[in-house]
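The two complexes that follow have chain A in common; it is paired with chain B in the first and with chain C in the second.
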Partner chain A sequence: MHNWEIAQGNSIWLALAGVLLVTFIVIGLLTKLPVTLRRPLLSFLVFVSGLFYALEYFLPTHMVLDHGVQVPENFLTDLIPNIINPLAQDLSALLFGLGLFSLMRIHFNNVVRQRSGWVNSLALLISTLSMMVFGFWSRANLHHPRWVDQVYHHLFDGVYQNMDAAMFSLIAFFILSASYRAFRIRSFEASILMTSALIVLLGLSFGGVITDKVPDYGLWSNFRIETWSSWILNIISSPGLRAIDFGVGLGGLAMGLRIWLGIEKGALFGD
Partner chain B sequence: MNNTTNNEMPLLEKLQKIDRRILYLILIIVIAIPTIWPINIPNAPLPMSRDLWNTINATPPNKIVLLSSTWTKNTRGENQGQMEAILNQLMSRHIRFAISTFDPRGSQVALNLVNSVAKKYGYVYGKNWVDFGYQPNGVNYVKGISVDLIQTVKRDAVLKKPLQDLPVMKGIRNADNIQIVVEISASSSQYYWIQFLKPGVKVGFACTSVMAPEAIPYYTSHQLAGILWGAKGAYDYEQLNVEHHTGDWGSGRQYMGPLSAAFGLVILSIFVGNLAMFLSRKRTRQ
Partner chain C sequence: MQHACDNWFVAFFEGALVLLIMVRIVKSMRGSIPFIRRIPGLNAIDEAIGRATEMGKPILMIPGILGLDIVSLQALNVFTHVTRTAARFATPIRMCVCDATLYTISQEVIQDAYQAEGKPELYDPDSVRFLSDQQFAFAASVAGLIQREQVAATFFLGSFFAESLIFAEVANSVGAIQVAGTVMTTQTPFFIAACDYVIIGDEFYAASAYLSKEPVATGSLVGQDYAKLLLTFFIVLGSIIYTVTGYAGGPQVPLIHELFADGGWTALLHSIRHLF
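And now, the complex of A and B:
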């Protein structure tokens, strides 16, 4: 098993330090900019970023032989895997770090000033730090004691994963309670909704038991619960969802254009 | 008549105001019984499950299958069975595959599952399968592998080796060499593939039950090659595997009994809740 240092060499740490330094300098310079200049600068950057994707998509392509495979490309296409993707990965990593720093700072202050609920903040800090320490120690360094792996395994698989599953499972109890108390047939529309829900629910669970003796071929198959369920989903529900998707898509397009062109009020610095 | 109505009143009121803790207790019992004493529910695989199975089964030797495993243990009841069934099919048919994830937690979960199934089939990392790791930027990742997979991913996530040095990647350069991308997810991450993957490359979606209805329009328009619908999808896939000797029963069939029992209880609770309301209204009118 190779480790990160062996695979990438020690120069990776220098590169990381360099990237961090440049990032801090850029952020420092941005914060020194007058507020009146920040908005036009960000609008310009957003426009250029969006323009790249628009041009890459709309400009004509020609076929290029790439490692024996004919690929349609224009002069921007190659920039995606070579420049845009690494840049976007770096930005995402930086945003993760920024989010983590912000979270830790808020909860650290809660603990230091003993604000209401500071015990929860302490639990968050301990959980985050222990997962980070043992995660990095276990994953990034080949030469570590065996117990480090065991602790990481217990934290991630033993504690976190099971708590995650337990929290999600609680939904079942609320669904049952809500279906008993809230799902009431008070109108014709509600009765249609409930009948449809019942058929789909049966089709996806034990409906097969009810119509198990009905042949699943020819005309007879129309009398099986699964067929009714599929019919509701494919013929009734699907066009409705498609109509909603069209509406959402058009709204998204309009919003995207407004943000891209910098005319959306409140998109940048809330003005 | 009046006497009967008067006798119904306490029961109706009790039913209307039943303590939720009693409902919770009933649910625990109803789920526990088929979990301890498993029951087999008769099943007919959905066409969308069958289509996904057929597409993966038709993978030629010069192509790989990409599994995008964007799920964690909170949806293991549905996604784990789906992924396990797909892995059984891939490994029993000796199909090369890669995994990646859009969720930082999904990487470890997927690795644990693949490693456990790989032991059964003697699948070797780097030779038969590879991990592309966590991909934080979905849009650029999908657009990147459409053009140049090797340059986009660069190194695998386990050995940290250049991708082109791994035997599993022999002859694989871009999305044209991918038979199908299967997004196994608890969210709507299939849109990355539908919107940004190179046209012509097939996409499948293995999702939780709540996510499936909004994916159906893309299946009927053939933008999705197939869908696995929650636990039912996992059961369908296992059944297809068993029928074609490409895998065995797993958690899909195991969970179908408790799930069906829970669905039955939900249907019963809706019926009882409405019955109590109707009878109560009737009594009020009288």
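And now, the complex of A and C:
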């Protein structure tokens, strides 16, 4: 719950209209800005935003009671859930509208010009509109007929969720075909990959029965397939992944720093 | 929220990493531009574009499935290079995004790339598409697009999750040449299995420096290497301290562990007092 929360009822529509009007005025003014001024303005806004989070992190804190729990805060901390997060959500919602408009425009043109596969575009338009209509009707209007909920439930839980799960389950087949190609023994590296993968697979599944007779204590335990499997995972694989993670973290830090200080070149930041 | 005063050691350590990177950036800006080794995945970009041009089929680019962040901005940097090269040969491109914020920015970036090459008339607003913000709906749309348009080259750069293999395998089934790179270590093996060239780990962030040879980016890259050396030093130091104090009759909790725990320095001083 944040400080900007407004009253329900008719005033919410008034507030929405006001916010949209202000947003379009600001966007209009920004588009009128000369190109030479756009990049400095962008750099300035990025710097101020970054500075806010840097100050929030480095400034000393005091303990505050939040929902019965003592949490460290300074005078900037409170602004994050109350102003920054709602602003980011509002901006995302506005931009989502632009994305949806683009999607609808492309498929509407496909249908009107009867391009190949236009029936699929029609299906997309109908399903998008149905979900929007029944979703809003069911969620935004408290006094709706019961059948609206049922239709929404059928569309979301009966159709959408199942199709989502079907796409997810396809991954199982793709893993099979990709691993078949990767594990074909064509080179020395592929042989190592194949052997390691086989040991790990056996160690994590039913491979234990192969070395079942080997004692699981003392020096003998080193000859059990589970031990080889966990050795490959913990001593070979994990350090490698952590090393990659270190590199990725440092890369992110360096790029974040360049963007924050306005010295980054390339997409969005000029050549 | 985390704060510096929760653990001053971590805050100082981060400061040291930042300092190392900044020093190298400043040195590069003053003219000391370092050499960057060859990255096969990035060399393959021109090969992939060339193949798409010869076949007269489109190039597909996907900047991950997350929103606007450092990773997607880096992907856009590489895609700008891809688009500019494609524009030179009038090769069609398709860029699919999963986030509405990224969609608007991608449109701007791609349009700018065509203008920078002096071919604004080749820019097609429909080439940048917002398909869905749902993971598997997006995956299904991309798979459909790959099949319908029979793309000749694909570039998957950004943050990917379970859908990575769907993209890569479908693109493989149409015979596309594939260049992939992600910061997600869990998805890297899938890309290695299914794609022709893979950019691993921090090579992803080296991409813009490698492609542009721009002083700030190259200097930052060398700064990252210095920061890695500092990290390596602490890893070795930590291993020694752990070995010495954790197994040789010292305190049961190793010093380096306490250093990174809440209270940082206080715990370290306490442990040193305990040792003597």
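Just so it is clear, the second predicted complex is superposed on the first by the 205 of 271 C-alpha atoms of A that agree within 3 Å, B and C clash if a C-alpha of one lies under 4 Å from a C-alpha of the other, contacts with A are read in each partner's own complex, and residues count from 1 in each chain.
The criterion applied here is as follows: a contact is a pair of C-beta atoms (placed from the backbone, for glycine too) under 8 Å apart; a residue touches a chain by one contact, two chains touch by 3 or more.
Bear in mind that the values here come from a model prediction, so they are computed numbers and not experimental data.
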| item | value |
| --- | --- |
| Partner chain(s) touched by A:150 [first = chain B, second = chain C, both, neither] | neither |
| Contacts of A:114 with chain B and chain C, given as first, second, both or neither | neither |
| Touched partner set for A:99, first chain B, second chain C, both or neither | second |
| Which superposed partner A:204 touches (first chain B, second chain C, both, neither) | first |
| Which superposed partner A:241 touches (first chain B, second chain C, both, neither) | both |
| Which of chain B and chain C A:177 touches, first, second, both or neither | both |
| Which superposed partner A:222 touches (first chain B, second chain C, both, neither) | neither |
| Partner chain(s) touched by A:127 [first = chain B, second = chain C, both, neither] | neither |
| Contacts of A:168 with chain B and chain C, given as first, second, both or neither | both |
| On chain A, positions contacted by chain B and by chain C | 71, 73, 77, 80, 91-92, 96, 164, 167-168, 175, 177, 179, 181, 241, 245 |
| Residue ranges of chain C in contact with chain A within the complex | 1-6, 11, 14, 17-18, 21-22, 25, 67, 70-71, 73-74, 76-77, 79-80, 97, 99-101, 103-105, 108-109, 112, 116, 126, 129-134, 136-137, 139-140, 144, 148, 162, 165-166, 168-169, 172, 183, 185, 188, 190, 192-194, 200-202, 204-206, 208, 212, 214, 216-217, 220-221, 223-224, 227-228, 231 |
| Chain A residues touching chain C - in the complex, by the definition given at the top | 56-61, 71-74, 77, 80, 91-92, 95-100, 102-103, 106, 117, 120, 163-164, 167-168, 170-171, 174-175, 177-179, 181-182, 241, 243-248, 250-259, 263-268, 271 |
| Chain B to chain A touching residues, read off their complex | 18, 20, 23-24, 27, 31, 41-44, 46-47, 72-76, 105, 108-109, 112, 136-137, 139-141, 143-145, 147-148, 151-152, 155, 158-161, 173-174, 176-177, 209, 213-214, 216-217, 220, 229-230, 232, 256, 259-260, 262-267, 269-270, 272-274, 277 |
| Chain B contact footprint on chain A (complex, rising order) | 1-4, 6-8, 66-69, 71, 73, 77-78, 80-82, 84-85, 88-89, 91-93, 96, 156-157, 160-162, 164-165, 167-168, 172-173, 175-177, 179-181, 183-185, 194, 198, 201-202, 204-206, 208-209, 212, 216, 224, 226, 230, 233-234, 237-239, 241-242, 245 |
